[in-house]
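One structure is given below, encoded as C-alpha cells.
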Amino acid sequence: MSTREQRVVDVSGLPTVVFGPRALLWWGTLGFIVIEGFTLVLAVASYLYLRQNEFNWPPGRTPNPDLLIPTISVVVLLVTMYPMYRADRAAKEFDRAGVIRWLLIGTALSGAACVLRWFDLLALNVRWDTHAYGSAAWMVVVMHATLIVLDFFECLVLAAMFVTGRAQKKHYPDVSDAAGYQYYISLTWLALYLIIYWGPRVL
Amino acid sequence: MSSTEARVPAGLLNPAERELMERTWRPRGGVWGWLIATDHKSIAKRYIITAFVFFLLGGIEAFLIRLQLARPENHLLDPDQYNQIFTMHGTTMMFLFGVPIQLAVALYLVPLMVGTRNVAFPRLNALGYWTYLIGGLFLYVSFFLNTGPDAGWFAYVPLSGPQFGAGKRVDVWAQMVTFTEIAALTAAVEIIVTVLKQRAPGMSLNRIPIYVWSVLVTSFLVLFAMPSVALASTAMLAMDRLVGTHFFNPAEGGDPLLWQHLFWFFGHPEVYIMFLPATGYVSGIIPVFARRKMVGHTALVLSLVATGFVSFGLWVHHMFTTGLPQLGQSFFTGASLMIAIPSGVQIFCWIATLWAGRPKFDTPLLFVIGFIVLFVCGGITGVMIASVPFDQQAHDTYFIVAHLHYVQVGAFVFPLFAAFYYWFPKLTGRMLSERMGKWNFWLFFVGVNVTFFPQHFLGLMGMTRRVYTYLPETGWGPLNLLSTVGAGIIAASVVLFLANVVRSLAAGLPAGNDPWGGHTLEWDTASPPPPYNFAHIPVVDGLYPLWERAPGAPVVTGMAAGKRQVLVTSVMDAEPESIYEHPAPSVWPLIVALAIGVTFIFGIFTPWAFLIGPALMFTPLVMWFWPKRKEPHERSFAEEPA
Amino acid sequence: MRRPSALLAALLPALALAACGHRDLSAVDPAGPQAARIADLTWYLTIVGSAVFVVTVAFLLYALWRGHRRVENYSGEAAERHIHRWIYGAIGVTTLILLVTLIYNFTTGRALANFAEPDALTIRVTGHQWWWQVQYVDPVPSNRFETANEIHVPVGRRVRIEVQAADVIHSFWVPNLHGKVDLIPGYTNTTYFRADRAGVYHGRCAEFCGYQHARMDFLVIADPPAQFAAWYRNQLRSAPPPADSVQQVGQQVFLSTRCAMCHAVRGTDAGSHVGPDLTHLASRGTLAAGTLPNLRGSLGGWVLDPQSIKPGAYMPPNPLKPDELHALLSYLESLK
Amino acid sequence: MKRTPAPPHLRTLAILALAVVPAAGCKSEQRSFNETPPGATAFPAVQTTDIQAGPKTVDPSRGAYQENRWAVSQGSTLYEQFNCAGCHSPGGGGGMGPPLNDAEWIYGSDPENVYATIVEGRPNGMPSFRGRISNPQLWQLVAYVRSISGLTPKDTWSPRNDHMQEARPNRAARPQPQLP
C-alpha cells in the first residue's frame, strides 16, 4: 500500500483528562447505576407484588414502621448531595483544596447515613423472618444499605488519595463521577423511603 | 503496513517507535503474567476455552441422560443421580456455556471490529473472567461431592425451598447464579462502553458492523435481565434457605409464582442473549461467503433492536398453565407471535443475500445454512407453543424439549460453530481443515435431527420432561432409543471437531491476515493480532471498510508509542475526543474475585460471610485503584500530581 | 372444521405415530370437546407450520442453487429495490399468517374458558409427593368420599376439577381430555372437561416434583352414567368386616403394624390421611399412582419393598413374615 | 469421550466414581433410599445415667443419620405426618408433650435414648411406636428431634418450613456435648 500521499488524522493534541459523557469512566459509572437501579426497581416490584396476598399491610399484629429516624436519614442523604456538588465543581476547576474540603464533608455525612441505616432497619419494627412483609421490607432496605456503604468507602478512598497527595489529575473526573453516584443514591433512597415507610400508612 | 522506505511520512511510527510500542503493550510472560493479564485477547481466549470445556461437560451429562432414557425401566442412574445430572446439564449449558461464550467471543472480536486497542475497562474484564471461573469450578466441585443442584435448571420453589430442597444443593445453584451474573454484567458494561466510546474515527452509527450491533443489543439485554435472576436467586431464594425469610412461603404471605415471574423475566431475555450474537455471526459470515454486500443492513439492525425490546415482554409464556388470568395470557401470546416477525425479516434478508450473491460452500457457510433450516423449524414450533391452548397440551413435555433444543442447538450452537470455523484463523493464525469441517457439519446436522425431531412426537404422546424412567407399555421406547442414537452421532461430531482443532493447531495451514476476504477491520491486522491490535488505528469511511477502502486511506497518528493509550471518540459520529491511558496489568482483580468467591461460598453456611467477605474485598479493591507513584519524566499530563 | 384426523393421519405419517400409542395417552386423539378443540388447533398449527417450513427451505435451496450458478452479483439500485419488494411481500405473508393464528388462538382459548357450568360434577384433586388424593365434593355432605390416583367420571357430563398442592408444584394433565393445569401451593386452580366416549384415559404429573415425578400417574375412567352411579354408591360404602379368619388376621396385621400409621380404611380404626385412602383399594386398576397393575403379586412386592420400585417414596419397607403377608394381601383384596 | 455401552455394573461404578468423591461434604448429602441405616437393626444399648464402668462404648455408625441433611429434612416431614406435632407442637416448642427445643432431656439426648423413648413410649402420655414406624424413618425422626435443639451439626438445620411459623426453634439453648 503506497504511503506517498498517506493522509493522517493527528490526535496528539487531544486532552487526556475529560469530564462528563466524554470520559469512559462516566459511562462505566452510568452502567452500574442502571444495573443497581433496575435491581432496586425489581425489589420494590416484588415488595408490591407480595402485598396483594395480604388483606392489611403490614399483616397481622405487626406495627407500622417508625418515621423519626428514617426521616432523619433521608434528610442526611439529601443534604450530602450539596457537598458532593461542590466537590464536583471544585474538581472541574482542578482545585485540590476545594475537593479535599467538600469531599471530606460529603464522606462524613455519608458515613453518618450508614450509621443511621442500621436504625432504619430497626425502625421497620419487624424481623426479616416473621413473614413476607418483613422479608420484603428488609430486602429493599438492606440492598440500598449496600449501596450506601459502597459509596461511603468510595468517597473515603478518594478523599484519602487527595489528602495524601497521591491523587493525580486523572482522578478529578472520578470525584465528579462519585458526586453523580451520590445524587443517584440519595434520590433513590427518597423514593424507597416513601414506599417502605409511608406506603403501609398511605397506600 | 507502513512501507520500509527510509523516509517515513510525518506522524507514522518509525521502526524504533514501533519496537517501543511492541514492548509497551506486550503482556508479561510466565504464570505471573498469565494471572495479571488485562489484554482483551488473552482473557477472551481463556474465557472461550473455559466455556467450551463446560460445553463438553454439559454434553457428557446430556449423553448420560440419553443413555438412561434409551429403554424403559433402565437402571443406569437412580433418581437422585438423574435429577442432579439433568439439572447440571441445564445449568451448565445455560449459565456456564451459553451466555459466557457469547460474551467471550464478543470481548475478543468487538475491540478488533471497532478498531481500538483494548476493551474499555481491562481490569474489570479480568475480574469478570475470574469470577466466572470460580463460579464454574465451585459448581462442579460441589457436583462431584454429591452436592450438585437437583431441582431443575430453573429450580421452581417450593421444591427448591428450605423444606423440600434438602441439604445445601440448591444453595450451591443459587450462589453459582450470582457468580455467572457478575461476570456477564461486567462483560456487558465493557462491551457497551467500548462500542459507544472507542470506535475508530469515521465509524458513525450507520457504519457499525452488524455483529457489533447484535452484541451491543445483547449487552443491554444482559444489563436489564441479569438483575432479575440475581435478585430472585441470591437475595430471595438463598435468604429463604439461609435465614428463613418468607418470600416463597405461601403460608406466611409469600408466593411461589413470584419466583417464576422473576426467573422468567430473566429467563426469556437470556435465551435471546444467546440467540442475538448468533444472528450477528450469521449476518457477518453470509456477505463474506456470498461475496456480496448484505441485503437490508438497516432492516437487520432494526430487527435486532426490536427482538431485544420484545424479548422482555413475553416471559409469561413459560407460565401459561399456572392458572393466570385469560386476558393476561392472550397479551403474551400476541407478544410471543410478534417476536417472530423480526426473526422472519432476518431470515428473508439472509436468503435474499445468498440468492443475489455467489455463495462459496465452505464449512462456515454450511453451518449457517444448517442453522437457517433448524432455526426455521424451531421458530415454527415456537409459534405453535406461543398459543395458550396448544401450550396447555405441550407445556413441560418433550415437545418443549424438542423446541428448545432446535432453537438452542440449531440457532445458537450452529452459528457458534460457524464462527469457530470463520474466526479460528484470526485467533490462532492457522486454518481448520475443510474436509473434517464438512464431516463435522453433516454429522452434527443429522445428529440433531435424529435426536430431537422424534421428541416432538414423544411430547404429544404424553412423555413429560425430567422423567428418569418410563413404563414399557407407554410405547415411548423406540423413539427414545432413536433419540439416544442421535445423541451418539452428535457426540461423534463434537469429538471430530476437537480432533480438527488439535490437528490444525499442530499442523494447520498458515492463515495470513485475511484468509476469507472479509470486510471488517479484524481482517486488516495480523492473525493472531499483535497485543496493540493496530499499529495505526484505521479511519473508517464506509460500512464495508476493507471492501470499500481507497488506496492511501487515512490513519490515526500522534498517540504516544511508549504508553498504553486508547482513542476515545464521540458516540454518534466517532470523532476523536480524548486519549485515555489504560491501567497496567494487575493481580488485584484476581484477589477481589477470590474475595467474592469466599463471600458467596461461605454465604451458603453462614450469613456472617456477607459481612466478612466484603471486609476481605476492601483492601484489594483499594489497591486496585490506588495510583502508583510515577517518575517525573514518565508522567503524562494526566498523571501530574493533583 | 370436522376433525380430519383420519385423512391427515394418512397425509403426515410421522405425526400419525403420535396418535396411536398403545394406551390412551395422546394429545392428538381427543375423547372430549376440550381436547378436540385443542387437537384441531394442533392440526392447524402443524399443517401451516409445515407448509411455511417447506416453502422457506425451498426458497433457501433455490437461492443457493441460483446463487451458485451466478457469474457476478445481482446488485445495483434496481436490484436492491427488486429484492426489497420480495422481502416486503414475505414479511406481509408472515404477518398475515401470524395474525390468523393469533385470532384462531383467541377463539379457541375463549371457547375452552367458557366451558364452566354451575352444576358440574365437582372433584377436588390434591397433589402430594408422588400420588394424587381425589375427593368427590358433592353438595350433600353425606355423598362425599375420598379415593386416590383414580377418577371416575360419567360420560357426557361436565366435570369441574379443583386442584391444590399439598407440598410442591405438580401439574394435572390428561392429554386425551384437556390441557394441563398446575397445582401451586397457596392457589386453587380449576379446570373443566367432559368425556364423550367411555374409556380409560391416562393422566400424568407434568411439573418436576422430586424423585418420583416419573411415576406419579393417575387414571381418568369414563363410565356410562349407570355404571358410574353404581361405582359411586360402592365408593360411599365403608369397608365390610373381614369375611373369614385369614382376612381377620390380615386386618389385625394392617391395624397393629405400620399400615394404619399412614393409610385409612373407612369402617376400621385406621384413619390416617398421610397416605392414600385404601377403603376400596381392590376396585382400583393400578397401584402406586399408576406404576403397577393391581394384582396379588405386585401388591405383595409393593408392600414388602416399595423403595426398589419407587426409590425415594415415603412408604417404608415392611419386612413381614410370610403368613402375615399372605393374610394382609387377602384382607387388602377384600376391600372391593 | 464417546461412551460405548459397557456392561451395566461397570457403567454404574464409573458414574458412582464420577459422582462420589470421599470427602466430608458428600457424607452429609447422601440419599440412602433402600438400605436400612447401619447399626440400627438390633435394639441399641441404652444408657440413662452418665455413671458407668470403663469408657463409654459407642457404635460409630449410629451417627450416620445424625449429620445427614436429607435425613433431618425427612425427619421434619415425618414429624408432621406421624402427628408428633399434636403433642409437641409444630416447631417442637412443647404443648401437651414436653418441649423438644431446649436443653432439658428427661430420658437422655443421645440418639439411642431418643430412639428408645419413641419405640418404648414414656409415662404421662408418650405412646409406644414399636413396630409402627420403620427403622430408617425412626432414625430420621431421631435426627430431626435432636436438630430442633441444635444437637446435630449446624448445616443440617433448616431455617423454616412451608407452614405457619409458631414456635421458633430455640436453638440458642445450651446443647449437650456433641457426638464423639
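Order of writing sets the chain letters: A, B, C and D. Residues in each chain are counted from 1.
The definition used in the following text is that a residue touches a chain if its C-beta (ideal position, glycine included) is under 8 Å from a C-beta of that chain, and two chains touch if they have at least 3 such contacts.
The model shown is predicted, which means the values in this text are computed figures rather than measured ones.
Interface comparison, B-D versus A-B: the higher count of C-beta contacts falls to A-B.
The centroid of the Cα atoms in chain A and the matching centroid in chain C are 53 Å apart. As a whole-number value, the distance joining the C-alpha centres of chain B and chain D reads 45 Å. The distance from the centre of chain A to the centre of chain B, with each centre set as the mean of the Cα atoms, comes to 30 Å. Look at where the CA atoms of chain A average out and do the same for chain D: the two points lie 48 Å apart. Among the residues of chain B, those touching two or more other chains are numbered 78, 80, 158, 164, 240, 243-244, 246, 249-252, 254-255.
For chain A, residues touching at least two other chains, in rising order: 53, 129-131. Counting partner chains per residue, chain D shows two or more touched chains at residues 31, 33, 77, 159-160, 162, 165. Taken chain by chain, the contacts fit none of the simple shapes, being neither an open path, a ring, a star, nor a full set of pairwise contacts. Touching chain pairs in this entry, ordered by label, are A-B, A-D, B-C, B-D, C-D. Interface of chain B with chain D (complex): residues 60, 63-64, 67, 75-78, 80-81, 84, 142-148, 158, 161-164, 166-169, 240-244, 246, 249-252, 488, 491-492, 495, 605. Chain contact summary for the complex, chain B toward chain A: residues 1-3, 5, 8-12, 120-121, 124, 185, 188-189, 192-193, 196-198, 201, 223-224, 226-228, 230-231, 235-236, 239-240, 243-247, 249, 252-255, 258, 261-262, 265, 539, 551-560, 567-568, 570-571, 576-581, 614, 618, 622, 625-627, 629, 636-642. Those residues of chain D that touch chain A in the complex are listed here as 159-160, 165.
Residues 78-80, 83, 151-152, 156, 158-159, 164, 250-251, 254-257, 290-293, 295-296, 299, 321-323, 326, 329-330, 333-334, 337-338, 340-341, 344-345, 347-349, 351-352, 354-359, 361, 369, 372-373, 376-377, 380-381, 383-384, 386-397, 457, 459-462, 464-471, 473-476, 479 of chain B are the ones that touch chain C when the two sit in their complex. Considering their complex, residues 31, 33-34, 36, 77, 81-82, 131-134, 136-137, 162 of chain D touch chain C.
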